[in-house]
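Take a look at the following structure, please.
Labels run A, B, C and D following the written order; every chain starts at residue 1.
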């Protein structure tokens, strides 16, 4: 197994050559020339600079369509009509599977029919020139957002193509996104991505990297998400990344969400090297949405309000059409503006909520315990520690489809709607922390007059889409009518 | 001038006869028979019972169209698709002016063309039978909402028609709604309305009365609104009303809004007789809305969130189309569901905000001062006190179009977005309270590097529709682009 | 091109039984700041009140505001009333001019046919209104210029 | 009418490279509670995996889930694969079956033409799915009953 060491320049070159041979567009990548290209970009397209110098939470949607011209129109629309501060380019699922051939077929079909043959922008197929055409046509900074376990070619092409921000990481784009990818192998692949970002950084082109905080998006206990963020941050820092945006997905309890955002920032700053600029990103509710645009706007607004109190550097917005499928550009822009309105109205007033410090302390204790366990599993090496901790379940993610994780942790909300842990599996938390979770859930079970069971978890999974926060036995009736 | 005394039964009968002669439909009103009719209504259509026994804030939209069938369809739609708990029937502007002839013409035109010839439901023209047809067809409690200074015939007909809740009052439906109506005369007219409600109440039919809390809807300082609510509550109680819902319109600062709701409830309970059941209603932002449905949903959601914390008994919702004109029924239902989603998600968690007690204390001190001033102006009579206090400006409402009020008070937001008073006119507040307002506004002026002036007021009036809370000099740019 | 200083008189009011006063309050202040003489009739003003004020103050423009959705009915015969009083002034109308979620172009046409020189929607800022007045109240206004400021 | 106790076997999985696991996790638990034997293949399962599991466990029904928008591509030839493995089972598909904000009726038709016995949208609850299975897996099912539970 590889260790947590910076890839040597030779290794970087060697891998670069290999992966660029995976698809014809790889050939056009030329690092020196790409650095010069980045230097030619105006300041307001430099992702890290724009994000790190912002004075209020910046908004960014998700968006990706197959054709270049459509992607340009979509992003320009989101920037102008949605007032997005930062833009995305979401990559299609074939590319995520490194199936560039299938993506090519679908892209050509799309070119002919204009149809929805791909659920994102196949950046590898568009190649360096296609990416640059996008970067040049859109008047704002753009990030690559994907979900790709092996994103080496995607990174090589998009970095050379002028993108200065890249989402994902070896844990966050493996555990929630795949079944069979080996975690150690994925870490190795991301060492290349991070080292490449590091190489640009050393030449003065600070590529921003953003581990994917929401993980499975479904009732993820904050300490688990934050632990993964710090681990990925550390791995990236080793490879020379200096601009890191750590993420967290809203759970819907304002106190817990604000506490988590603060814990994320404070532990991020504590654990990551001093020369890394740490920013944070808050994802509006990533679980199942209500099948109704009006109700969805309420969920989105609660996210905006939480962001106004928690003050992350960036907010990833949802659209009111989240439930049904990829949103129209109008709905996507609507989600941005709903968020902007409530954030701005709330930012201009002081809203100090009680109980945040206590919750933050609990989250930090848990996170430290998990990080310590990873450390202990590693015998001095972080990569080994991560792989082993997931193997044993000392570190785990609820609803993880990956065979590299136990997926034994089951979350449920307590009586106040905060996400607690019902089944720990082997999660490396001390008995007294476990007792806190158990007590909170016992209290809820009592309120509801039922046993703690998977039924609660299932009810909680549906609660927000059913118009509630907590999956109370009665709340369930609503969906049936 | 009349005094704050219950109308005698003879007076009630005499006025009843006179006003019923104002329009042919008045004839059909028969009090005894109407009481029996009310008794025949099922419990879930009894407004006061439903409202007073609710265990979470009930939602009510605004809605009124000219034709009976359309009104039935509209309300049933709002109940089913909007999940409204309580329903409204908003009356048209001709009826509000007692121009039943013009309303009749427009109603007939509507019957022929189906066009939008009236901005509400002309209940007087529809008569007792028309009202009952509505009450019977709609499966929920319905309130009459209007804005009529002289609502005597409207009350006689709608009460006999089966409505059990009636909005308005002599101050709240005069000062913000008319220019020339004499306040003393309006109070006399409302004594009849309240006495009639009292007569039903004595027969066991508790008619709910709801003074209109938002007044001019535009930056109304909480203490002014609460003072008016208590005064109208007292006048109504004198006439035998026993179910009173006191109102308040959101100003957009969460702390101030929650404090105001608490002050409203606590002072309402303190000042009103013990045998009156006091409930509260919170109106989502009543000032100018953003000209954008997505942004409007953000404003609506902030109202919902505030309601979840302030816990009024009822919330009057806005639609995302508020800016442009009377909303489609779909948009109206959307406003309800957006509100329901965020209220329910927030209600299930504890959100305790700092600083509410202090603000509540300030609001209560101010309200007591204003109520004392009214008392002092009355030489022992409340009616005289009210009329004189408005004459001198000891009591005043910002932006009041009425010649019965000075309209000299000018509000502006402080640095935290709370509504303070910039110009007091003769408002009966002590020097130390005035100093608090002045200090807060001086702080804002300093932050903004400009003088306190009407420009600030104008900027604040536009702020929310421009996507902000406070009308900062820079915020203004947004609207221009 | 230098703008003429504005020393013109405008009559401003809300027509019919409409009580929405906030818009004209803001407009009045902005117009005064811009150097106009403003006769503010307030809300719930009748056609005759507009006409009489215009005659009495020899107004250059009559500005009608309506928010509550009855503007069309309230303005029937408005220009005939002005004419009967011998008023020959520019006429604007603005606000929420139709009941419901109408298409503004249709609304604009309706009120132009009623005789208004310009029709403004509720997104109109005081600055927009002043810009239009500045152009229209100049000695010479070309039809072309007039078209470009129509909002 | 008494329902037969459900002692039937169903194969459940997410097809293609789709990783959305929450839906099938909830369905699996609910199906077990309802007395069904469930073979859960998990996410990112291939057509062959479905077919082999169905043969091996002699499944009464094969339930395919897809959320990420590539269901149509992923299910091309699915029924031919089943047939090639000699599987003769009821087939359902459910989830977010199209990319974007499509009309569901159109989507339903697409998947019915691909050979699925029932097509479910993302508003389907576990109870809906169980109700459909209960009817379809009875010895005799009338076409009429079948129609009424189609969601």
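Convention: contacts are C-beta pairs under 8 Å (C-beta built on N, C-alpha and C of every residue); 3 or more make two chains touch, one makes a residue touch a chain.
Since the model is a prediction, treat every value here as computed from it, not as a measurement.
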> What is the shortest path, in steps, from chain B to chain D when you may only step between chains that touch?
Replying inline: 2
>> What's the distance between the Cα centroids of chain A and chain B, rounded to whole Å?
In response: 45
> Could you state the distance in Å from the CA-based centre of chain B to that of chain C?
Replying inline: 30
> Which whole number of Å gives the spacing of the CA centres of chain A and chain C?
Replying inline: 53
> Multi-chain contacts in chain A: which residues touch at least two other chains?
Replying inline: none
>> Chains as vertices, touching pairs as edges: which of line, ring, star, complete or other describes this one?
In response: line
>> Run through the chains and report each pair that touches.
In response: A-B, A-D, B-C
> Quick one: in the complex, what on chain B touches chain C?
Replying inline: 93-94, 96-97, 106, 116-119, 147, 176-180, 216, 218, 287-288, 291, 321, 323-328, 331, 399-401, 454, 458, 461-462, 479-480
> Taking the complex as given, what residues does chain A use to touch chain B?
Replying inline: 252-255, 290, 292-299, 301-302, 304-305, 333-342, 344-346, 348-355, 416-418, 464, 467-470
>> Per the contact definition, I'd like the list of chain D residues that touch chain A in the complex.
In response: 16-19, 21-22, 25-26, 29-30, 42-44, 68-70, 73, 96, 98-102, 122-123, 125-127
